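Listed below are the structures to be examined.
Both complexes shown next keep chain A, but they swap its partner, so chain B is in the first and chain C is in the second.
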Partner chain A sequence: MNQFKFEGKLKMTFLVMMLIGVVSLAITFIGDDAVHSRFWSNILHNSVFFTGIAMLALFMLCAKITAFSGWHTVFKRVWESYSLFLVVGLVLMLIVAVGLWGHWHHLYHWNDAEAVANDPILQGKSGFLNKGWYTFGTIAIMGVWILIAGRIRSLSKQEDQSGDSSFSYHRKMRIWAAAGLPILGFTSAAMIWQWVMSVDAHWYSTLFAWYNAASMMVAMVALTIICLIYLKSKGYLTQLNQEHLHDLGKYMFAFSIFWTYLWFSQYMLIWYGNIGEETIYFKERLDNYRFLFFLNLGINFFLPFFVLMRNDTKRKYGTLIFTSIFLILGHWLDFFLMLKPGILHTTQEALAHSGAVEHAGHAFTAGFSLPGFLEFGTMIGFLGLFLYAFFFNLSRANLVPTRDPYLMESVHHHV
Partner chain B sequence: MGYRNKKIVYGLYDDEEILMDAVRQANRSEMSILDVFSPFPVHGIDDLLDLSESRLHIGGFIYGMIGTLTAVLGMSWIHAMDWPNIFGGKPYWAIASFIPITFELTVLFAAIGMTVTFYIINGQGPGIKNPIVHPRISDDKFCIAFDADEASEEEISKYRSFFDQTGASFIETKKL
Partner chain C sequence: MSAAPVSPIREPLVTGSKTYHQITEDLCAPTERAPSPAWVIAFIVALIALTIGVVSILYTIWVGIGSWNLNRTIGWGWDITNFVWWIGIGHAGTLISAILLLFRQKWRTGVNRAAEAMTIFAVICAALFPGIHVGRIWVVFFFFPYPNTRGPLWPNFNSPLLWDLFAISTYFTVSLLFWYTGLVPDFATVRDRAKGIRRKLYDLLSFGWTGNAKHWQRWESLSLVLAGLATPLVLSVHTIVSFDFATSVIPGWHTTIFPPYFVAGAIFSGFAMVQTLMVITRKVLRLEDYITIGHIESMNKVILLTGTIVGVAYLTELFVAWYSGYVYEQFAFFNRALGPYWWSYFGMMACNVLSPQVFWFKKIRRSVTWTFIMSIFVNIGMWFERFVIIATTLARDYLPSSWSFYVPTIVEIGIFVGTLGIFFTFYLLFTRVAPVVAIAEIKHILKSSGDQFARKNAEPVVQQVESGSLESTVVEHHDDEH
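Let's look at the complex of A and B:
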């Protein structure tokens, strides 16, 4: 069974998931405030999260090809299919970008002309934080990502048809991958600044982009583990075994610790520096989001650290799936915490400014103070979309690349 | 594992594939192998020799925990109780600033503890001389050794014929 068949029940499941997402978004839209901030922030949150997963899959693929790595070859079609989600991600991010031009949402403080006019800090940043750059960056940079993902994918598919011992396709792939590494590394930082960091338009942190990338990386590996175990349970990927999952488990463990390292570094430097314009980020989260703030650390550090520390927990399906599910939710929550407080602040200012309502201050706000059913519903919808695109792309090529020069190394992988 | 004053019969093989086949052959004919020496880790040989998983990492965890406690309790006592000082306007017990040092000491204790444990278990260390089976087992030869301390002449010749059959390039009986 070297051809994945995407049909019937599975397709239906993802369509139902997407329907749940659409219904959640519709309910959010109807019951929302005047500027629909909950609706838009949920779209931004999930778009960035799943686009990030696709981007990190492409980055891992580039790193593996450049490093002459072979162990992942047996399931490399999974990462190729993940990376093709970038096309959908571009559409999703463009919806947010178009919203900037039409002033449909108040996600970004810097897009409010009146606020910028009275604010020297925002004026100073307006060369980068403006809707022109936002749109251009999203289209141009994601366009390059899609180009790299598409080339690697098509070379990989051509290799299946006519690869021979000259490895010409693999050589070409290596050029694209080597170019892709620095491009993805630098440009993803720029996109994360615009998409995520600029919701707190006054605030900045120099290691924010790595911190985000680490978060996406853990979520990506966790989702990969779940999908691989699913495919295996359906009788596909018979050559995939505990050894490959063990290595993926190590990635999940190591990058969870890397994430914690960056999370703590960011916190400690700001705490120690004690500069008001920087500490406001953590003051806001510690005062008004205290439970989520520490829950984030608990799920994303203590849980994988103590569960995955032992050798055999990285080799058993049960513990791997358990940790993976929690880590995907945990890093989704991490992005929730990065985005929502800043957006809530911008929204409240916008609402107070237009005279619609009093400045709500720090009262409990549904969908912002805690993720509610509608947030999880939206997440399920986006997850359905991601998985639909993933399984669709997976079914359009051989499940195992039959003529990849590293296939045998991968099949005989032994940790 | 120091084999001092032990009589062994050993054979050298040129390739790890031949070695693996020989180990399989020995398992089939129920000969108990004393040890296998190789210049690099051979994949899959642990399972063939039925070696149990190393418990060194459990020691590592315990040493690491000792390091964590030493750092946290030490700094807490120094900075909050014994000699309280204000640094940068922070509280005496500024736990966030303790974490980097806690991390360092955890790694240091785990690393040193595991190294020392490893050396003690293996009977190695500075000034201790261990007998070497053959100089080339750290270069390009793979070795299987049988215990010949209480072996009769008959058994020793059985071991030698085993090496002959499985393609050993060099066979010797030796007292370490």
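Let's look at the complex of A and C:
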């Protein structure tokens, strides 16, 4: 069984998940405030999260190819298929971008012309924070990502057909992958600043982009583990075994610690410097999102740290799946916590300004203070979309790359 | 036991069809023959440099910090620049040993021993500076939090300078243990070939190693445990060095990207110094079969990677300084690029970000001459980086009335030359007493990565690629219970 069959029941599951998402979004839209901030912030949140997973899968693939990595070869088609989700991600991010032009939403403070007119700091940033750059950056940069992902995928598929032992496809792939690393390194930062950091338009942190990438990376590895175990349970990927999962478990452990390292570096330096313009970010979250703030650390650091510390937990399906599910959820919450407070603030300003309601202050706000059923429903919808695209792409090539020059090493992998 | 398949894409890591015995001969030989004239000349030069350093340090202690050109605005100059530079260099060794061991990178075996040794010598050079830069060296014990007779007076536990003390001493200890643990079986090999007093000495150094199975088993678990401990330490040391700057509220220092960016820069500079040393060592000690062009190429790739990461960080800082809308932050970076020290900023950018880009070309990556020249460039560039961060930033503070300029005195330059002397003296001695390449570890990879086995190991891979059938990929696995 080297061809994955994407069949009725599984397709149906993902379609139902997407339906749950659509219904959640519809309910959110109807019950929302005047500027539909809950609806739009949920779209942005999930679009960024799943696009990020696809982007990090591409990054991982480029790193693996460049570093002559062999062990991941049996399941490299999974990461290839993840990276192809970037096409869907582009559409999702464009919906947000078009919303900027049509003023459908108030996700970004800097897109409010009146606010900018009275705010010298926003004026100073307007060369970067404007809808033109947002749209152009999204299209151009994601376009380049999609190009790299597409080239690597197509070379990988061609290699399956060729059977040439001079490994010419592999050489070409290496050129794309090596070029991909610095391109992704530079451009991902630019996109993260615009998509995520600029919801708190005044605030800045140089570490922010790397912190985001680490968060996406953990979620990506966690999702990979779940999908691999699923495929194996269905009788696919017979060559994949505990050795590969053990190494993925190590990645999940190591990147969780790396994420914590960046979390701590950012928090500690801002706390220590005690400059109001910077501390406001954490003050807001500690005052009004206290539970989520600590939950974030609990799930994303303490849980993997203690569960995955031992050798054997990285080799058992049960503990791996348990940790993976929590980590996907945990990093989804991390993005929730990065996006929602800033958006709520912008929304309240917009609402107060239009005279619709009084400035709400810090009262509990559904969908902002804590994620509710509608947020989880939306997430399930996006996850369904991601998995649908993933399994669809997975079914369009050999599951195991039969002529990859590293395949035999990967099959014999032993940690 | 037949070796596992190895893809023919991989280069052999041991060339010259070596047998186990030849490996022992080749790697022990430098410790057994009389030093070459080149070694003697190099050693004399290193000793002269060391002497200059000792004299300069003694002069500093005698006269006081007034013998340096620091002033009330620029309180840190070459002292802390050199400190950070040396600490950075001390990163490659433990990185190669620990992280590459965890990542199962076989090419580390050619260079790990020398890189670990280099780490230890570099950390010694670095540790010198905090000690002398306080001026009154006789109260340097104030650094240490010990139950004291000073009443309630303790070091400030909230200060990253104190964290530095813990970080560096921990790092030094673990690096030393790691290096020495690796040396034990090799010392035993040297002992078994030696006679008389040499034999006694190496017997002592090798802790009576007999090479029985239990020894190897414990040795391997200890190596893994130390690797696991050393990996977070590689990150923590330079992270804490970066805190020395980033916890302040000085524009240009207070920025959150400092911790990971310092770590990347440290690995970058460390690998450059490894290249500088290895290119010479492999030639002088005739180790080209163990430190191959493939090893050099791999290290050049790491240099290209980390140089580019540092480049991303530089541009991030520059961009966010503009983006912040914070006028002091903007001025700090304007001043770095176009202020009185503009040349050091451009030196830094040219050496660290632009020049490693030549390693995109395979020809240059595999050229020994280019590698040597580029490694010197990076060493210079990373020194400039620290100078830019320290002197440039301090030279222009909030009050224009206290703006100033700094050039080092001959004493400060003498101390720097002296640390180079210490470093090379130790390194040269090391090449005489210990095998520069880890004998046991090279033997361990011979069957998988020796050139005479390459064709045989690649056979299953070639068959697989040509047939494209998955039948041969079904391997018996003893899956754990789950």
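Some observations on this one:
Simple rule for what comes next: the second predicted complex is superposed on the first by the 414 of 415 C-alpha atoms of A that agree within 3 Å, B and C clash if a C-alpha of one lies under 4 Å from a C-alpha of the other, contacts with A are read in each partner's own complex, and residues count from 1 in each chain.
One rule holds in what follows: a contact is a pair of C-beta atoms (placed from the backbone, for glycine too) under 8 Å apart; a residue touches a chain by one contact, two chains touch by 3 or more.
Treat the numbers as computed from the prediction; the structure is a model and nothing was measured.
Look at A:Asn311: by the touch rule set out above, it reaches chain B but stays clear of chain C. By the touch criterion defined above, A:Tyr272 lies against chain B and chain C together after alignment on the C-alpha atoms of chain A. In the superposition on chain A, the chain among chain B and chain C reaching more residues of chain A is C.
By the touch criterion defined above, A:Leu297 reaches neither chain B nor chain C. In the overlay built on the shared chain, the residue A:Arg403 is in contact with chain C alone; chain B does not reach it. Of the two partner chains, chain B and chain C are each touched by A:His414.
Note: residues 268, 272, 274, 414 of chain A belong to the chain B contact set and to the chain C contact set alike, using the contact criterion stated above.
Of all residues in chain B, only 43-44, 53, 57, 61, 88-90, 96-97, 99-100 touch chain A in the complex they form. The part of chain A that touches chain B in the complex is made up of residues 264, 267-268, 271-272, 274, 309, 311, 414.
Residue ranges on chain C touching chain A, taken from their complex, read 4-10, 102, 104, 232, 235, 239, 243, 246-249, 254-260, 301, 305, 308-309, 312-313, 315-317, 320, 323-326, 360, 460-462, 464-470, 472-475, 477, 479-480, 482.
Those residues of chain A that touch chain C in the shared complex are 2, 66, 68, 70, 120-121, 124-125, 128, 160, 163-165, 167, 170, 178, 181-182, 185-186, 189, 193, 202, 204-210, 238-239, 241-242, 250, 257, 261-262, 265-266, 268-270, 272-275, 277, 312, 315-318, 400, 402-409, 411-412, 414-415.
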